[in-house]
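Next come two complexes built around chain A: one with chain B, the other with chain C.
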Partner chain A sequence: MRALLLGPWLRAARGLPRAPGSGHRHRGHGGHRPQGPLRQKVSVEVLDHLEHLALVDFRDAEGVERLQKAIQFADQLHEVNTNGVEPMDSVLEDRCLYLREDDVTEGNCTKELLENAREKVEEYFVAPPGNIPLPKLEERETFLQGSQ
Partner chain B sequence: MVPRGVAARWRRAATAPGKGQGSLGGREEAAAGRESHAACLSPAGQPLGILDGIPIAVKDNFNTAGIETTCASNMLKGYISPYNATVVQKLLDQGAVLLGKTNLDEFAMGSGSTDGVFGPVRNPWSYSKQYKEKSVPKSHSEDKESNWVITGGSSGGSAAAVSSFTCFAALGSDTGGSTRNPAAHCGVVGLKPTYGLISRHGLIPLVNSMDVPGILTRCVDDAAVLLGSLAGHDPKDSTTIQDDFKPFELPNLTDVSKLSIGIPKEYHAPGLSSEILALWSKAADLFRKAGAKVVEVSLPHTRYSIVCYHVLCTAEVASNMARFDGLEYGHRSDMKDSTESMYAATRREGFNDVVRGRILSGNYFLLKQNYEKYFVKAQKVRRLIANDFVKVFRSGVDILLTPTTLSDAAPYTEFIQEDNRTRSAQDDILTQAANMAGLPAINVPTALSERGLPVGLQFIGRSFQEKQLLTVAKWFEKQVQFPMIQLEEVKKHDSDVFHHQKSASLS
Partner chain C sequence: SQSSSLCKTTPSTAKSPRKIVFVGLEIHAQISSNSKLFSGSQVQFAAPPNSLVSFFDASLPGTLPVLNRRCVEAAVMTGLALNCSINKKSLFDRKHYFYADLPAGYQITQQRVPIAVNGSLSYSLCIDNKMSQMVTKTVRIKQIQLEQDSGKSLHDDTRSQTLVDLNRAGVGLMEVVMEPDMCCGEEAAAAVRELQLILQTLGSSQAVMAEGQLRVDANVSVHHPGEPYGVRTEVKNINSMRFLAKAIDYEIQRQIEELENGGTILNETRAFDSKLGCTVPMRDKEGQQDYRFMPEPNLPPLILYDAKSLPANMNHQQVINIDWIHERLPDLPSVKRKKLVEQYGILPEHSFTLLNEDGLAEFFESVVKQTQMKPKKVIGWILKDLLSYLKQHSLTVKESPVSSFLLADLLNLLEKKEISSTAAKQVLAELWKGEGKTPLEIVKEQKLELLQDQKELEQICQAVIDGHENEVMAIKAGNPKVLNKLIGLVQKKTQGRSNPVLVKQLLEKKLSG
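The block that comes next holds the complex of A and B.
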């Protein structure tokens, strides 16, 4: 369903998702089904926070709905009993993997590397002024603004 | 890029009567390619290596020096790689000819090869005699072009290139099934090697803990040849294992009585077409009749692999996509107010919905308040999934036999009815777990569906046991004798009446 939903979610949410606490030993939310009406919506504050962290915008209601669905989908994980199970970072965890020696064996390719940059001065990449945070929600050009 | 002489000679050689439909002409092409190359490109007359003169296509998420690498995204349009990915370099060192970069879903996110900025990839089988004979036009005036089918994804371009005889082999990538899925839909062999066997240096990463370069060829022997050229430790990729890799030639297995084939019951997933179920059954019987031990096994956490993948993938994507800010390479917005706003605008302009969606989801799962609940939880579930496989292989099973896809290729117009995430969740269900566990897996084209489209079956092997996996796959390939595609010329201007139809059939 791709219809834009500008309904209830726009209103301030009932709060942030519950903090984990003993989350990693939690068997799931009791008898709650992920799609049930008790499913909390993501608050505008969190959405705004995500836009800041990711430096990517939601663009429209569809974007937010996409996130909601993604979270709902991910909630199925809580049905699995992971008591006593260690997290797995890599399938190669039982092997010794090596970093190579910290010797400079190649380089001197400044010219090639700079070629792909749009703005540069001599051997510098040029960036706009830093240390200026993204404008607040009210001042920013974002879809979320309509929800304040 | 390939001199006309070589290409023409290669194609002519490929049309010579082959050993029969099963062999798919791999060896003849190789020989012709080598000879042509030696004749016109190498003055010294010395072949550079085993792939000398062989045209190979490379998925556009591998860096290729001096050649644009876009990942089918606006973010990298115009980006000229300053270096070759290790696998590309290895191919070139063996004398392979890089024919071109192939289309994909943007940043390899998707299961249809429909979401790249260059547009969707059309499955060559859409234009095959086999498909056309089975498709019933709704009316005389219907544009016959409109019922073309997708290639699957995300390495759709690579699969289509191999399937349409445009090249001898192609590189894809496989994170959740991105090589095996299009291989199944395009009727080609798609190999996902063990994680850690082939270098990822130069492959623009999606999920560092699951990505592998994939190999697409027309027969299993060719896949073994490519594997031989690509596998092995790379000091530039510390996730490649140190063990010595010895290229091998596949034996012609005749006695399968010592083999134990596992049939995981959970792979009878909801939505599996009855056709594929029947084919899977037939394949199991084939092994049984030939004397192999065929047992039903259980991988109980299979149904969570998609959810687990969803969390881990989006989390790693959120991290990997952070490098695209317009400063050093790629698209850069004109916004000049501040660094942050420039980054935000660049990313807003450069990424499509799918990519942005995954970045935002990933960041959500990585938030402090969600980290344990989602990300770490998913990592634990990953271990359970990997352990399922360990238990099964420990019980004496050598190879697992499963379907690769739930059905044959869907028409494009039907496929785009659902969004990318939904489709990926549906389509990756049979291929994803092998990435979770890092195991090698291969799609072998098996038969044509009722609609005249390819259907493949998947073999999953033990870690780093590619030789065994490919040996069994080759035996199976020989038994099923998958038919060659019979391509017909598409008359764009005259869709109603096919007057000057030229059959470029290669049989």
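The block that comes next holds the complex of A and C.
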């Protein structure tokens, strides 16, 4: 099994000190899986950051817990020694990447595409004037507010 | 030959110490192909909105990217032309951000391992404005990557909405990243111009800035020598070559002034406002972007081959051979210029002007083939007379009312000394009207033939000498410049139909006797 690339990013974003006894966990080194109360929690800052980036809404404690469990599940990969092993990002890595000839074979379906649009103006899709940024943590109603 | 930088450090003044300027560029060139990078919809400028959009381009669920072979070949050609190492294995990634013209919420690009790396581009600058001294510089190419273009947003501020056209979404781009080896707007513009010529010669991109086929973002930073590197700002929204130098120079100046006033430079993205001639912070770009790069799960690695590694059993159509492409690269602009200089004995700066104008080099060569006049003389007519006329009337070489055949015809008359060069210019002025007359017809019409009768010419010269005793005395007293006045008088008498060189000889002969 090879290392999942998600791990290092999450560790860096947390910025929390490593729990004692959890072992030195970096890629390519067999480590210990942290137990129960010692496992690292995802901080509010990271959760807020994720909500901005992916526009997900963790909504309640259960949502956050689900994320924690997912990270914990993925962290199992660190138990494997991956020294000198190239990471695999897809089971397709040995497949041939198919090359298509440069012919025009699609398009011309304006009507069909616009059927999906809630609003349209003369065959253009309509969008708000710019990105509407998610309000800052203090200013929006979210479960995350008021959590540690 | 390379020279150490023209403007690497700004001049030192009493008020402000020298500063070192770094300018890097990220250039997006639209690939010239029939269909898009990952889908079969057409690539075309100015089509009815959302008519060139496939389900994949609109990011409808269940669609998958399929790589266009032509786009890969274009990127390989460009990489080879820019002296890059081509990565035989390159990877695709997703770059995530939200914007209305990016329906998938991510762009497929090559962030980890791009198709080409570590190249270089040589370009030339004139040291002074007169184009008499050129210096060659080099900028390192960090990498070239394949990526998707986004759709277009039209901002309707009155109704507070954005109209989105996805025709451009998914068109193939080559992003060419140039290291911060440049130090001013002029260098950047020259580098981009040379890249543009290379792309057009290769055919990998038509690189027309006005149609958005070539877009340039500049990264600018400034610092004092010996101090740590300055904070970098990114300048976007530069729409033409003219504004490129302006925008960069403005930003350099802004940063210098900001630092001199004790301020700080923010690591931000700024847009160039062409009306005001300045850069302004861009909205929607505040704060650092986190693109959450991840491998594109639907595309395996892109494998390229060369003559050695060519697989035996694979379908031809599925194999891209780097060496095969290399063998078929056309002559790049730098090679073409060298050949022009060597073959025709023209100056290097002439070769630059010839290649700078679409079709001009071919026109020049065509005239040279059809005339006895030496190329070194022909070039003057091409660069001064023809080109300035075209510029005045905003015509391209292809639109020239004077064909290479007509011009060669005219130059032959001049070369055979049937007309003077002044008369030739007159004939050319008439030819511009494009009325279908030949040079010979115009010469006859306007009676511009040179007087061939030497005796008659001698008589006129003598008459002029006889009628201007004072001038003759002045010449004999050692003031040779007065001779020009006599030549002028002969010209007047012959209505411009005398060869000034011959007249001078005749007068000198008569006056020395």
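What we mean here is this: the second predicted complex is superposed on the first by the 103 of 148 C-alpha atoms of A that agree within 3 Å, B and C clash if a C-alpha of one lies under 4 Å from a C-alpha of the other, contacts with A are read in each partner's own complex, and residues count from 1 in each chain.
Note that in this section a residue touches a chain if its C-beta (ideal position, glycine included) is under 8 Å from a C-beta of that chain, and two chains touch if they have at least 3 such contacts.
These numbers come from a predicted model, not from an experiment.
Contact with both chain B and chain C is seen for A:Ser90 once the two complexes are overlaid on the shared chain. Of the two partner chains placed around the shared chain by superposition, chain C is the only one that A:Thr110 touches, whereas chain B remains out of contact. In the superposed pair of complexes, A:Glu123 makes contact with chain C only, with no contact to chain B. Ranked by how many residues of chain A each touches, chain B and chain C are led by B. With both structures placed on the common chain, the touch criterion links A:Arg100 to chain B and to chain C. Of the two partner chains, chain B is the only one touched by A:Asp57; chain C is not. Touching of chain A by both chain B and chain C, each in its own complex, is seen for residues 49, 53-55, 89-90, 92, 95-100, 109, 113, 116, 125, 127-130. Here chain A touches chain B in the complex through residues 2, 16-17, 19-20, 23-24, 26, 42, 46, 49-51, 53-59, 62-63, 66-67, 69-71, 73-74, 76-80, 82, 85-92, 95-100, 109, 112-113, 115-119, 125, 127-130, 132-135, going by the rule given at the top. On the side of chain C, the complex with chain A involves touching residues 33-35, 39-42, 48-56, 58, 60, 66-72, 91, 96, 98-100, 153-157, 160-166, 283-284, 290, 292, 294-295, 297-303, 317-318, 320.
Of all residues in chain A, those touching chain C in their complex are 5, 49, 53-55, 89-90, 92-110, 113-114, 116, 121-131.
Residues of chain B touching chain A in their complex: 79-80, 82, 195-196, 209, 235-236, 238-239, 241-242, 301, 304, 307-308, 310-311, 314, 318, 325-330, 332, 335-344, 347-348, 351, 353, 356-357, 359-361, 363-365, 367, 369-374, 376-384, 386, 419, 421, 425, 437-438, 463.
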